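Letters A, B and C name the chains as they come in the text, with residue numbers starting at 1 for each one.
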Amino acid sequence: SVTVFGVVDASVSHYTVKSSVVPGSPLSTPSPPTQSQTVLGSSGYNSSRVGFRGSEDLGGGLAAGFWLEGSLANDVGNVGFFQRRSTLSLSGGLGELRLGRDNVPTFWNDVIFDPMGAVGVGASLLYQVAQNLSVVNAGLLPGAGSPLSAPYAGTGLNGGLSGNTDNYTRASNSIGYFLPSGLGGFYGQVMYALPEGVKATNAPNPNPSMRARYAGGRFGYASNGFDVALAYAESVQTDTASLKDTIKTLNFGVSYDFGPVKLFGEVSRLKDAQRVTTPPLLGSIYTTYQDNYRGAMIGATVPVGPGLIRASYGQVKSTNVAGTVLSPPATSVGELSSKATKLALSYVHNLSKRTALYTTVARIKVDDGQNNPSVMGASVNLKTYSYLQGNARWAPSTSTGFDVGIRHAF
Amino acid sequence: SVTVFGVVDASVSHYTVKSSVVPGSPLSTPSPPTQSQTVLGSSGYNSSRVGFRGSEDLGGGLAAGFWLEGSLANDVGNVGFFQRRSTLSLSGGLGELRLGRDNVPTFWNDVIFDPMGAVGVGASLLYQVAQNLSVVNAGLLPGAGSPLSAPYAGTGLNGGLSGNTDNYTRASNSIGYFLPSGLGGFYGQVMYALPEGVKATNAPNPNPSMRARYAGGRFGYASNGFDVALAYAESVQTDTASLKDTIKTLNFGVSYDFGPVKLFGEVSRLKDAQRVTTPPLLGSIYTTYQDNYRGAMIGATVPVGPGLIRASYGQVKSTNVAGTVLSPPATSVGELSSKATKLALSYVHNLSKRTALYTTVARIKVDDGQNNPSVMGASVNLKTYSYLQGNARWAPSTSTGFDVGIRHAF
Amino acid sequence: SVTVFGVVDASVSHYTVKSSVVPGSPLSTPSPPTQSQTVLGSSGYNSSRVGFRGSEDLGGGLAAGFWLEGSLANDVGNVGFFQRRSTLSLSGGLGELRLGRDNVPTFWNDVIFDPMGAVGVGASLLYQVAQNLSVVNAGLLPGAGSPLSAPYAGTGLNGGLSGNTDNYTRASNSIGYFLPSGLGGFYGQVMYALPEGVKATNAPNPNPSMRARYAGGRFGYASNGFDVALAYAESVQTDTASLKDTIKTLNFGVSYDFGPVKLFGEVSRLKDAQRVTTPPLLGSIYTTYQDNYRGAMIGATVPVGPGLIRASYGQVKSTNVAGTVLSPPATSVGELSSKATKLALSYVHNLSKRTALYTTVARIKVDDGQNNPSVMGASVNLKTYSYLQGNARWAPSTSTGFDVGIRHAF
């Protein structure tokens, strides 16, 4: 009643990141470095994983099931048991109740409507920017993208490819509900992740932190090769006496399988809303800021014998919107915008249902990356990049990536 | 020859902790906070776990076996491979030799004679106090319960629900022996855990630290629904030039299954003996202290169709006994006592042998908690609690907990 | 298609380390301590492990396979998933391509041609010295063995028995190729481990660190009980602006199975080459140093009914060779040498193919250990040893070890 399952995916990957001098920099600004790296990667086509799962028929249409899935870094021999999923389910005619750590609903659109499945160098830009934003807000990277934080303060371009992505991909302590199958093609799920803060009466800060709370849902319709889904969620990233930061995610995806070609499309809007409270001097003073990320992606897959050609093109724009300052009167902060575009091409050659060879190439171009380097300087996996050297002001400009590898599932 | 096995248990749990002002506090002492927390829990009815086990028949009645069992926090997707048990056994007509990390003998009485199995919010008070004591002695919580340490110095009410419980539940590097079956109902085991210190001749401190040494045993008789067992152990918590701390555990349990009802009872006595050596000025000076914990618990389970009602009531008293000061002459330290009582009720509804729904409610009342807050302020899982705020002197007074969840075994 | 496999090995082990006063020490030097320790060990005969492996026949002679193997410390219940091996393979008539973390080619001779298999207190001295050297170079122990580092600066005799052995036993991010079988007894493999450094043009240090790069191969011939193999590798331990350290390993092993007795032999040469660059004052100044380790081992195994007698004798000599100082002119540094010898005896009693009882005794003698204590003071597992106490200068002199245990494979 237990199945041991997994994916081992290994690639040789090469990444390059270029930067450019920010307009207005001193004339003495030196040329920025071009960085490149060759690595053995572990998740070029499918994310490597190892897990255990099983289910029990309880009679009367009721079933219990468990799913324990760890992330696997097979290039270095590390594993995160069970970071990818650890759930207990009770399911029946009324749907499924699922408890534990699981993918969040809003992430699914970024996976399912991306021809690359949000994996490898070709992963959709919507996925990359959202993940970077989540990582920055998790405090894993210096803040950027808000007038509050110096846009050049960052020390890393992209450290976001860990699992510490603050509820963008997965949430712990979650309670999920899935609609049952058999609704004529309609499907859906909702999820609430408990922040687990401690409430204390008679205390200076009685209300617990809501950090880690996720509330969202996803609803769609799939029939005859057509699939469409809408998802929305609010996720609290920071909740202290001085700062509350919430990411509001709305995305919508569609795919249609014509047979010789399957088309994909997704639009996504992220709002990163910050409310900053300063110590009250003459009345309550707080300021709201909001960073907006609007993106779109189109893609296609074309079966070719035992192989599959995959392609995608996406774009994300970010703007920093200064909010209302209630007291004292509002001061305006200029709007700073940034833009990134990405093109990805891939070929997968299936040796069997379980084993495939693959290669992917991708290129990202960033405009005005200095305005939001940590989030919008979405590199293709290259992790160490410093874009401030003394007075030199550099911004990420282009990034290319290449994967060639093998995927084996068991 | 390998079995993959486990338990996934998920609950929604709510905890509340109240405090009261300690008599004699300043009139200006503010009312203490009431704390509460709602969490997704992972071990409300059975401890979540994942493991591998197997055995080999070697012929002639001899068998070899292994058991590797990890703790599972399925709410957040973490696992402790193989913290719960990792043993190699050789067994035959003379009994079983077991090597590795295993449950200690004295822990079994706290599990087997507790209708709640020492799991969830209803876990017996004997278990909770012993675990808190072990955690405090492990240095995971500030010391308390001894005249040596300020009774208000603690910063946490209960951090004890980790696996770092210094040989209270389990011991590493252990050598265990179990009597064979077929002794007319008599059973027994002994265990010695090696401290693994390095002995060095010609050195200032030649003798190795005995910290982590556990020596104990458990003997019982089970027949026709009747079960009785006695266990004793000494466990070295600290062993430095200035302090040797040993916990001596003695417990005795009994259960009888009448059919419509099964009754449980246990008495337990813990001695936490400290010998403090101060730098010799005029002769050898050391002081001994001893904290005593005496507890008793009664309980019952009543099968109701596919369900099981469980109930328990327990009490533990602690006293700090000042020891003999050999040189200079003894100075008396007043005896400080504390008391806690706990009532727990639970209902388990079995959907199958492997899957069950359950709910448990429990309430703890603490008297004179200020005299031993870290150990006796045994809350029902609520972990963050500060009982000293400036001059305000608060003591833990009551704690309630509620679990509702699902347990699935595989 | 998945096999869960493993080894659980448990022993009771006793270690003793003696030291002697270094000639030329002050007359007031006190006698050095004798250290001893008794532990529950976890890898006396075979290394404890747990893993998953499987393969898929892709047709046409082609196959895909994966191997995920963790190290197991069953004495304390810890596991290193998947530190021992995590590989993905594609194999066919042209051989096997293997990607991930794997044993390095040069390590295999130290295992296969050691009657003790490089495990337990009897493990070959060639293995122990090489591992110590790797650990020292990994920065896990204070440097020793080079004129650059004070020979008495160490604080530990041997901390090397972890998996952090800087590519001596295993390498991450490796690409391996194995010759196919069916070459008339000839076999071979090569491996390259990617250092994964980031190259940056227009930067002060454009070239990435090569630390962790391993390049090596092993070729041999096996037929009719005869086996012979040669291996060579270069492994970069440190690569900074001021220091590049490379270990060059060459070893050669042979075994012949006569039936009643199987003989083993191996010779090994390690060069630890350091190039130190100092800040340029008047031209480029760098100095090269090289430590040499030359060792040889002979051994035998004798089947006795269901048992196996194992014996080995080995010796390693180390010399510190001062290198050429290019600018300013060379200054000579005296050569400092050290020598260790080891004798090991073992008996394994097989209860079945999977389960065995075993005992091993070993003794190491070190001459001039003060010249290279961290590497050449190769103790039999005893880990805490301080050989400098004030002005007292001690050197490791002898070390003995004893294992008695059980090995169970599944």
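Note that in this section contacts are C-beta pairs under 8 Å (C-beta built on N, C-alpha and C of every residue); 3 or more make two chains touch, one makes a residue touch a chain.
What you see is a predicted model; the values in this text were computed from it and never measured.
J.: Could you tell me the least number of steps, going only between chains that touch, from subunit B to subunit C?
T.: Each step joins two touching chains, and the minimum needed here is 1.
J.: How many degrees of rotation carry the C-alpha atoms of subunit A onto those of subunit B, rounded to the nearest 5?
T.: 120
J.: Looking at where subunit A touches subunit C, is over half of the residue numbers used by both copies, so same, or under half, so different?
T.: different
J.: Which whole number of Å gives the spacing of the CA centres of subunit A and subunit C?
T.: Their C-alpha centroids are separated by 42 Å.
J.: Which residue numbers or ranges of subunit B touch two or more of the other chains?
T.: 4, 81
J.: In the complex, go through subunit B and note every residue touching subunit A.
T.: Those residues of subunit B that touch subunit A are 4-6, 8-10, 12, 30-40, 42, 50, 72-79, 81, 351-352, 354-355, 382, 384, 406, 408, 410.
J.: Can you tell me which positions in subunit C touch subunit A when the two form their complex?
T.: Contact set of subunit C toward subunit A: 1-2, 4, 52, 54, 56, 58-59, 62, 64-66, 68, 81-88, 90, 99-101, 170, 172-175, 194, 196-203, 206, 208.
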